[in-house]
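Note that subunit A is present in both complexes that follow, paired respectively with subunit B and with subunit C.
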Partner chain A sequence: MPSEAARRRKGWAFVVPALLWTLAFFIIPFVVMVMYSLWQRTGTSLVKAWNFDNYASFFEKSHFVAGLINSLEITALVTVISIVLAYPLAWIIAERISPRWQRLALLLAILPFWTSYVVRSYAWLLVLSKNGYLNQTLISLKVIDTPLEIAATRVATVTGFVHFFVMLLTLTIYANLVQLSPNYRRAAADLGANGFQTFWHVILPLTIPGVMVGAFLTFVLCIGDYITPQILGGNNELVLPQIIMLQITRRADFPTAAALSIILMVVISIAYIACARWLKMERT
Partner chain B sequence: MHRLRSIGVISYLLLVYGFIFLPVVTLVLFSFQEGRFPIPPFNGPSLKWYQAVFSDSKLTSALFNSLVVALLSSLVACFLGFLAAYGFARYRLPGAGPIKAAITAPLTVSYLIIGFGLLVTFNMIGVSRSLLTVGVGHVVINTPLCFAIIYASMGDHQLNIERAARDLGANDWQVMLRVTAPMLLPSIIAAYFLSVTFSWDEFIIAFLLSRFDVTLPVEIWSLLRSGLNPKTNAVGSVVFLISVVIVLLLEFTIFRRGALSDRKS
Partner chain C sequence: MHKSTITSAIALVISMTAQTGHAQEEINALVWCDHTDPEFVQPFEQANNVKVNLKDYEGTGTALSIIEQSQPGDWDVFVVDGVDVPRVVEAGLLAPLPEDGLPTADLFPEIIMPETHVIDGKTYAITEKFGYNTISYNKNTVDAADMQDISVMWNEKYKGKIALYDYYLPMIGLVAISLGIDTANIQESDLPAIKEKLFAMKAVAKQVGEVVSSQTAIATGEVDILVGGGEWVTAGLTGELPHLDWIIPDQGAVRWSQSVGVFADSKKPDLALKFVQYILSPEGQARLATSSCYWAMPANSKAGDHLNDQQKAALRWDDQKGYLANSQLYPVPSAELDAKMQDIWTEFLQQ
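Our next item is the complex of A and B:
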């Protein structure tokens, strides 16, 4: 039998490749980004004077703060609307559709997930643009006279996001619903609860973890996304990732982009800690 | 009452599935448009935009680049993830908690930030942008995914079979490659294909880290600058078709077994 230390060395040997990759291409780049955020770009050159000017300018420049506020507002809207749409869908699939067809129903619900992310936003542009599908249908039905200006507004961004995150939330809520023991329902019925009372007081509270996991994923993916707001929201109302990309591609101002990226990461981390804490409290 | 509720359920399903399918159906339908604009009225069907896609060498080489990057980077990600999962599941390692957290950390950071971090780092040490740097970025985002999927499927029930193999004289490598890996094959394949689809569809890292040779999402992105165009519809439909074929293949091959055993129990 090899010694414990030798076994441990062998175990580490399996873990080290992944760890080294993470260190070289994730942790070190993060450190480099933090360094950049403390440097400045003046003119076309990089000045390696260490200070917090980039962070200070975030709070001084109103369009940066406005970007963060736009991001938060859009993300909150998307998360709430997606939950409201996805919960009944997950519930109907889990409760109303026979087990034979549940798999198909889920597969159909997430089918658009397999379209390319960039193309999916473009497809919404087809539907929502000024002479697109929606406007032409509404005009021919005589609901409206002049086309609605939806493309390049917040409504379009939110629609595109909701379309993506309804699928995600349907999956997490469905997974939570089907693992509930039928005994809860029987016990509630034995104690005299009707269908609605059982749902409201028993099933709904038990599925909150599924909702929370989905909501957290929605928050993180939505607030960090550049593609959907850029294609659907246009340039009228920038969100933080759009502002970061502008600094990188247009102005080549890496220090400012780095500082903004770190601010975005801090916001996501706060949400992560809050969510993890909440789930822990729920479990105990 | 019961009937009323059924009507409510059915109309809700129609509404939500309608919402889910609306853009996809519009995309595919107007890829067959005859005219120059993918907006109503529909005046097809015509295959000329598909012809335009396949005769566009920029698009076809981007498609090829995307496939190469996705297949190879996922191979690396799966290999790294499998090794780490094996190490953590089969050896008691002190300080495993923080290391596991470090390996899965990229899952919680947005792709934009991962891509930008790599961009400034490569910039600083003078590595020029190419498909290779894109692949490196995709390994960063997919290794934690592969690790998590494979680690979750490694239970104690496989331990006895591994022990039996060892008693029969197999060495560590033989146990890992000829006993453990085959037992975990379904989850390894699932991790690989999920990783392939993520890499195949990834835009922002590929956009930031590529230069002359680009992947398909980046090429589609530059196509978008020309506004609404049936050619974009056609590319989008082709990508959709490829993904659906992959999903259906997976559904009817490796996941079939699981579905059957569920039904029996």
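Our next item is the complex of A and C:
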């Protein structure tokens, strides 16, 4: 029988690779990013003077703050619309489609993940542009006379995002729905609940964890993306990741980009804490 | 059978050794996308048994980021915005070029630009291609006469039909020209007036985009006018989309140029120089001018001998004298003014 010390050594042997991985690919890069955020870019040189000027400039420059507000507004809109569309879709796949066809339905659900999001965004541009398929169809059906101005607007950005994230949320909600025991429904029926009451008071609360996991993933991926707003939004309003990219590509200003990235990380962390508390995920 | 296998293995080893003995040399070039066209680079590679590894970028800031993240000696050849040459020379990135090895005398005189390429008596770069940031438009949908006045950039008549090129220097330059300010003399005190006009442009614009989305917007009919465009947008498309045209307004336009030099810490400076010489040769210039990424005027006036009439017409070869006279270089702001211009541009995008 192995001694206590031997068991501990074995335990550490399993843990150390993960710790080293986290150290190398998260802790050290994060520390470097924090250091950069406290330095300054002047002309073509990096000035290693430690201060909070880059953070102060975020609050001083209204277009930086507006970038964060745009990011939050678009992300909130995308998350809510995606949930509203994904829940019924997941429910139909889980409850109304035979197990034989569920696999095909799930395959169709994940198809958008197989395409590069750059290609997907340009494809949406072809659909939504003034002479795109949507306008051509509506005009030929005599629904409208003049083309709708959708491309290069927030509507186009949100559409591109929702197309992707509905699929993500469908998967997380579906996974939650199929894990529910049929006994919940039977018990609710025994107690006199009709179909809607069973859904509202039993099924929906039990699937909230799946919704929240998908919503949090949507929030993180959406608020950090700059490609879709760049292509579909027509640069008519900037989100914070676009402003971060501008600091790097136009100025090689890594310190300001690092400070803005950390501010974005703080926002995401707040969202995580909010979700974790709501889902009672803390382990006590 | 066994003997034949051994013989084959020995032959393979000998052939591999022989190939190693004549290993192909490589150079690394940090370039604009026009250099990545195989039609342009392959003749040099084949003639010199060399592999040119190309990394394309947009904007000098991006190039500086890439260089900062590289090891000294990683890069051999650098294609950079002409107005940024002093900036990169100051940063110690470029090596002096041998003047007797460059065809400077064959270049169009207006784009030799010794004020940016010659520093302390040494030549660090040479212009390889140039063009204009001006007005591109769809002949079928707009009144061509309106395009002759630079105020079309904020003309309410074309509200929602204008795309703006997303690069602050030429766009601020165009606005400065519209206000009667020389692009070489933009001061901080001029910025409020420039900002006001930029915001007026944004108010009537449909979108602001980089090269690909700007080209896509005008090519697909999403917009009818591209401010900041020029022959680099339309010349390569004239065959398929003959309704696209461009003009230099009466008040003038901004002239851009790209320069090429050899990195100071290149490990293969001779081969790098040879590549620069190929780029500046009449043949190389003709191929670069008509690169699949974008077309624009070659710096070497002798490249015309290698372009056909159709290509020269698309490039407006015969009109260059007038265009050069009625265009001004990109603004070359100090680091402080540049930061303020970029802040205004970000604010403009956020409108």
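Some notes on this structure:
We take it that the second predicted complex is superposed on the first by the 255 of 284 C-alpha atoms of A that agree within 3 Å, B and C clash if a C-alpha of one lies under 4 Å from a C-alpha of the other, contacts with A are read in each partner's own complex, and residues count from 1 in each chain.
To be clear about the criterion, contacts are C-beta pairs under 8 Å (C-beta built on N, C-alpha and C of every residue); 3 or more make two chains touch, one makes a residue touch a chain.
Keep in mind that this is a model prediction, so the values were computed, not measured.
Look at A:155: by the touch rule set out above, it reaches neither subunit B nor subunit C. After overlaying the two complexes on the shared chain, residue contacts for A:125 are found with subunit B and with subunit C alike. Once the two complexes are laid over each other on the shared chain, residue contacts for A:254 go to subunit B and to subunit C alike. Touch criterion met: A:42 reaches subunit C, while subunit B stays clear of it. Of the two partner chains placed by superposition, only subunit B is touched by A:85; subunit C is not.
In the superposition on chain A, A:217 contacts neither subunit B nor subunit C.
In the superposition on chain A, A:112 makes contact with subunit B only, while subunit C stays out of contact range.
Put subunit B and subunit C next to each other and count what each touches on subunit A; the higher total goes to B. In the superposed pair of complexes, A:180 makes contact with neither subunit B nor subunit C. Of the two partner chains, subunit B is the only one that A:14 touches; subunit C does not reach it. In the three-chain superposition model, subunit A touches both subunit B and subunit C at residues 125-126, 129, 131, 231, 248, 254.
Residues of subunit C that touch subunit A in their complex: 58-59, 61-62, 64-65, 68, 87-88, 90-91, 160, 166, 168, 206-209, 213, 216, 220-222, 335, 339, 342-343, 346-347, 349-350. On subunit A, the positions that touch subunit B within their shared complex are 7-8, 10-15, 17-19, 21-23, 25-30, 32-33, 36, 85, 88-89, 92, 96, 103, 107-109, 111-112, 114-120, 122-127, 129, 131-133, 136-137, 163, 166-167, 220-221, 223-227, 231, 241, 244-245, 248, 254, 257-258, 261, 264-265, 268, 272.
Only residues 9, 12-13, 16-17, 19-24, 26-27, 30, 38-40, 79-81, 83-84, 86-88, 90-94, 99, 102-103, 105-106, 108-114, 116-121, 123-124, 136-137, 139-140, 143, 147, 172, 197, 201, 203-204, 208, 216-217, 220-221, 224, 228, 232-233, 235-236, 239-240, 243-244, 246-247, 251, 259 of subunit B touch subunit A when the two sit together in their complex. Per the touch definition, subunit A reaches subunit C in the complex via residues 42-44, 61-63, 66-67, 125-126, 129-131, 149, 151-152, 231, 234-238, 243, 246, 248-254.
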